[in-house]
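Same chain, two partners: subunit A is paired with subunit B first, then with subunit C.
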Partner chain A sequence: MNKMEKALYELSEMDELAARSSPIHRLHPAAKLLSTIAYIVVTVSFDKYDLSGLVPMLLWPVLLFQLSGIPVRTCFYKLRIVLPLVMAVGLFNPLFDRRIVLQLGTLAVSGGVISMLTLMLKGLLCLMASFLLMATTPIDKLCAALRMWHVPKLLVTLLLLTYRYVGVMTGELAVMTEAYHLRAPGQKGIHISAWGSFLGQLLLRSMDRAQELYASMLLRGYHEHFHYAPVRPFALKDALYAALSISAFLLLRYVHVAALLGKVIVR
Partner chain B sequence: MIKFQNVSFAYEKGRPVLRDLSFSIARGEAVGLIGANGAGKSTVMKLLLGLLFGEGRILVDGTEVSKANLAVIRRKLGFVLQNSDNQMFMPTVYEDMIFGPLNYGLSREETERRVDAVLARLGLTELKHRYNHKISGGEKRMAAIATVLAMEPEAILMDEPSSALDPCNRRIVINTIRDLTQTKLITSHDLDMILDTCTRVLLLSGGRLVADGPAEEILRDRALLEANRMELPLSLAGRR
Partner chain C sequence: MHMADALLSPAVAATMYVASGAVAGVSIHKLKKDDEPRKLPVMAVTAALVFAGQMINYTIPGTGSSGHMCGGMLLSALLGPQAGFLSMIVILAIQCLFFADGGLLALGANVWNMAFYGCFVGYYLIWRPIVKSSLFGEGKPAMRARIALASVLGCIITLQLGAFSVVLETSLSGITELPFGTFVALMQPIHLAIGLVEGLITTAVLLFVYESRPELLMDVEAEADGSKRSLKAVVAVLAVVALLVGGGLSLLASSNPDGLEWALFGNAEEGYAENMGLDEEAYGVESAAADTAEAIQEKTAFLPDYAFADSDSAVGTSVSGIVGSAMVAGVAVLICLAGGFFRKKMTET
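Right after this comes the complex of A and B.
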């Protein structure tokens, strides 16, 4: 299995994770979507120096990992390509912001370091929340939830088809990469001289397959309307989940839990 | 059931792929459409399904294939693609099978009944909730046939249904096709499969219909087949 085939397999595995059963999986997709959006908004809203305030936000993903039975390492494994990019955000902050904001014994910590760590943590938390949503909710149920909120049909269909077509494109990339390496043994990656034609071919092949897939959809009566998986009515437990989680996020945002804990310990 | 009347088609001006093609297929007939690469077999299928439009008239059950009638036409015809990966685009076999019936306005209950009936008929019940990326090529081909049968079409079109299958899976697919009672139009280079599943053969060459007759007769005509870049089926060539 080459890297691309592995990526394709992993992508498909997300559907399997989402099809599992757990208290979190059984929640209404709209409730999960709402709390995830709220979580991301609240997380992003923390001040760039408020690292200690942000740390308690870790509790929510940790709790969800426990309740959903999704292994944490699966999350980090699947996010291994995106994580370094997110971690790179704010990497230069220590160079620009050298003002000392914290003195830990003899160690002086600059504002740049704190803001860099805050940004990294924010990115990590947002990624984990998105991953948890995808790993506990099938894409068509998410789309059904979006339609419930009257998100335009075109946008929702675009989202669903993009998700499906990513697999098609990755599949084509897997075949092409394998064909390339069979004729370029010992070569690491794709040589820069072949990038242009490789990308061009990838685009053409993906378009070709996408056309075939679309034809297959049309021949089975598709007319710009997807019949998403049936979603049960929004129940009290879903409303409670959404309300409690959003309240908890707001609490963590406006009540400095870390400072409170610190005071308690000092007393 | 299916009627082509003086149909011509060209992808590029001046280079016709089909020339003045006329034939008809009666309800319940099993017809093999054969010909060398580039003979126009796939184009015939695409024209019939309204994926392409050419000159002349194509009728399906008396309804002309036109943009206005596509929904009616496509409801009557089920198409099994050569590449099952292009047909099975949903995560699971079940989700793929319900796609067509739901689009045609069937209730969830009726769709469920159809899906279960088709899977039981094809002996694929255990595939129902399997993930498409985790089933074998043979299973995928059978599942692709199942997705089409769940729509209960009046005619089934198949593009190379036995390609890329091992002998055992090929035999399973052939037996399944033979058991289908619908009108069948099958394109293939696997002439043994055509011999096993079709009673009539249409031989295309250079976009023209060069032979139309009983499968046993046409597929035994070595001179005719070789003149059109084909060979006798292995079972008739005495090589088995």
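Right after this comes the complex of A and C.
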């Protein structure tokens, strides 16, 4: 499987997950979007040394994974690209910040280590939150939610159309690269003599196709906006979900739950 | 260059969202005024193509490594800056939502770093002035040279601006302990090389479009046929020139390793992080920029992320915090067990 086929596979995998049914899937997309954004903002706003304050935030994605039945493995598979990058930036923290902030028996933990771990946990949590949003919400419903929030029509339609074509184009390019490599065995990438024509050919044909597509859209009565699949109205349970989750995040942000819990046992 | 959520503080992320949102608003307004919504399918198809096209590996001759093309320049040359900017937003949004490439909160910053510079700076300050000028004389070969120059310069400069913004945003968020000057010295030369390669690939694609359908390119008039030079020759000549220029520039850029050494070793020997603040005397590089950054940082020091935890009570690394965290982990395991139990029951019934 080449890179593009892998990407296609990941896309269809997300589509399949989003098409499942669960209490989380059935929530209004706007409620899910709102609570996800609130979650990420609250997570990111934790102090860079506040590792134990951040840990309880883990409960929300864990709860969602369980309620929605989304496999955790799929999420961690996606982590493989992003987490090394976040770590690379945090990796320098232990080098520069060597102030000892914690003594665990004979093990001294420096501020840099704490801040590196906090950074990594933050990255993990934010990623899980956005993954859960997309794994429980189909793109057309998300676009309908964005329209509800008055995100410009042009942008939303563009997002929807582009998403559709990403599949088509990626498939086309996967076939093209496969064919190219069969004719040029042992070659790592596209040779310099084909740099322009390889993508250029497809670009020209696709742009013509897009013009025809627009003409046919007009003939079928398209008038600057799509009619989205009706999303059911925002119900009480959606409002309740959003309100409850956001207040839980704020509670976790301002009340140090981990320390309180710990004090029950340790004096 | 995609930034993850964890690399930004909420305040910086929100600021970048506002900035990118404003540019998007202006772009949409402009497109509507020019009655360009009819461009919509073309925008969508081109955006999807750039998205997929960035996954193709182009072999760089003689090095064994590979690169990919520069989306912002290609899109603004084909669609114009406004439509190109909106297409880039959509590409970045799909990358962030479906491929976890860049975060949801960091989307505003990513749009700014990769789309704004590539589309607006790249188009108005580099593409249009160069392509419309009479540089290299008249005729088709001259136009080819101008397109090549604009693409390479555009990719290099916009990528440098983007890389610098990444450093600035991360430093303002107080995420990394890496001193500003060191971070800049690490990021800029790497992106110089990447920009060069991206520029050459973008040149190749744009020259191909120019050869076959010049009317598709912005600000390029189809001219009477002149002498035809092979695409390969143009790219090869350009590669040599660019490598020379790039090599010279990266020599200049890396002529200050003492700043890096100081930051890495001198500081570590001290055992303290007190020089992490932007001490402009200690390294002469980027001192003007560092000054400005410091001034901005002082103003934004109320951000929770930037504050140094002086008292351990604020740190939350007390023993009770650790014990509590362990308990939270226990609760998480319980939730998982309960979820598994109930799902099993559901499937049984």
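Definition applied: the second predicted complex is superposed on the first by the 201 of 267 C-alpha atoms of A that agree within 3 Å, B and C clash if a C-alpha of one lies under 4 Å from a C-alpha of the other, contacts with A are read in each partner's own complex, and residues count from 1 in each chain.
Definition applied: a residue touches a chain if its C-beta (ideal position, glycine included) is under 8 Å from a C-beta of that chain, and two chains touch if they have at least 3 such contacts.
Everything quoted here is computed from the prediction, not taken from an experiment.
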Report task. Please work out whether A:G262 is in contact with subunit B alone, subunit C alone, both, or neither, and reply first, second, both or neither. Result -> second
Report task. Could you say whether A:F65 touches subunit B, subunit C, both of them, or neither, answering first, second, both or neither? Result -> second
Requested in this report: For A:L182, select first, second, both or neither according to whether it touches subunit B, subunit C, the two together, or no partner.
Outcome: neither
Query raised in the report: subunit B or subunit C: which reaches more residues on subunit A?
Result: C
Query raised in the report: With the two structures laid over each other on chain A, which partner does A:L236 touch: subunit B (first), subunit C (second), both, or neither?
Result: neither
Requested in this report: Classify the contacts of A:F92 with the two partner chains as first (subunit B alone), second (subunit C alone), both, or neither.
Outcome: second
Requested in this report: Could you tell me if A:R209 is touching subunit B, subunit C, both of them or neither one (first, second, both, neither)?
Outcome: both
Query raised in the report: Which partner does A:Y9 reach: the first (subunit B), the second (subunit C), both, or neither?
Result: first
Report task. State whether A:R220 touches subunit B only (first), subunit C only (second), both chains, or neither. Result -> first
Report task. Show which residues of subunit A both subunit B and subunit C reach, each in its own complex. Result -> 164, 168, 209, 213, 217
Report summary line: Listed in rising order, subunit B residues that touch subunit A in their complex are 49, 51, 71, 74-75, 77-79, 81, 83, 85-87, 89, 91-92, 95, 98-100, 102-104, 108, 131, 133-134, 147-148, 151
Report summary line: Note: in the complex, subunit C contacts subunit A through residues 2, 4-10, 13, 24-25, 28, 31-32, 37-38, 40-49, 51-53, 55-59, 61, 64, 66, 69, 78, 86-87, 89-91, 93-94, 96-101, 103-105, 170, 174-179, 200-201, 203-209, 212-213, 216, 231-232, 235-236, 264, 267-268, 271-273, 276, 304-305, 307, 309, 312, 314-325, 327-329, 331-332, 335-336, 338-340, 343
Report task. Report the residues of subunit A in contact with subunit C in the complex, numbered from low to high. Result -> 3-4, 7, 10-11, 14, 36-37, 40-41, 43-53, 55-56, 58-59, 62-63, 65-67, 69, 78-79, 81-82, 85-86, 89-90, 92-93, 95-99, 101-102, 104, 109, 111-112, 114-115, 119-120, 122-123, 126-127, 129-131, 133-134, 139, 142, 152, 154-155, 157-159, 161-166, 168-170, 172-173, 177, 187-193, 195-204, 206-207, 209-211, 213-214, 217, 224, 256-263, 265-266
Query raised in the report: Residues of subunit A touching subunit B in their complex?
Result: 8-9, 12, 15-16, 138, 140, 164, 168, 171, 209, 212-213, 215-223, 225, 227, 229-230
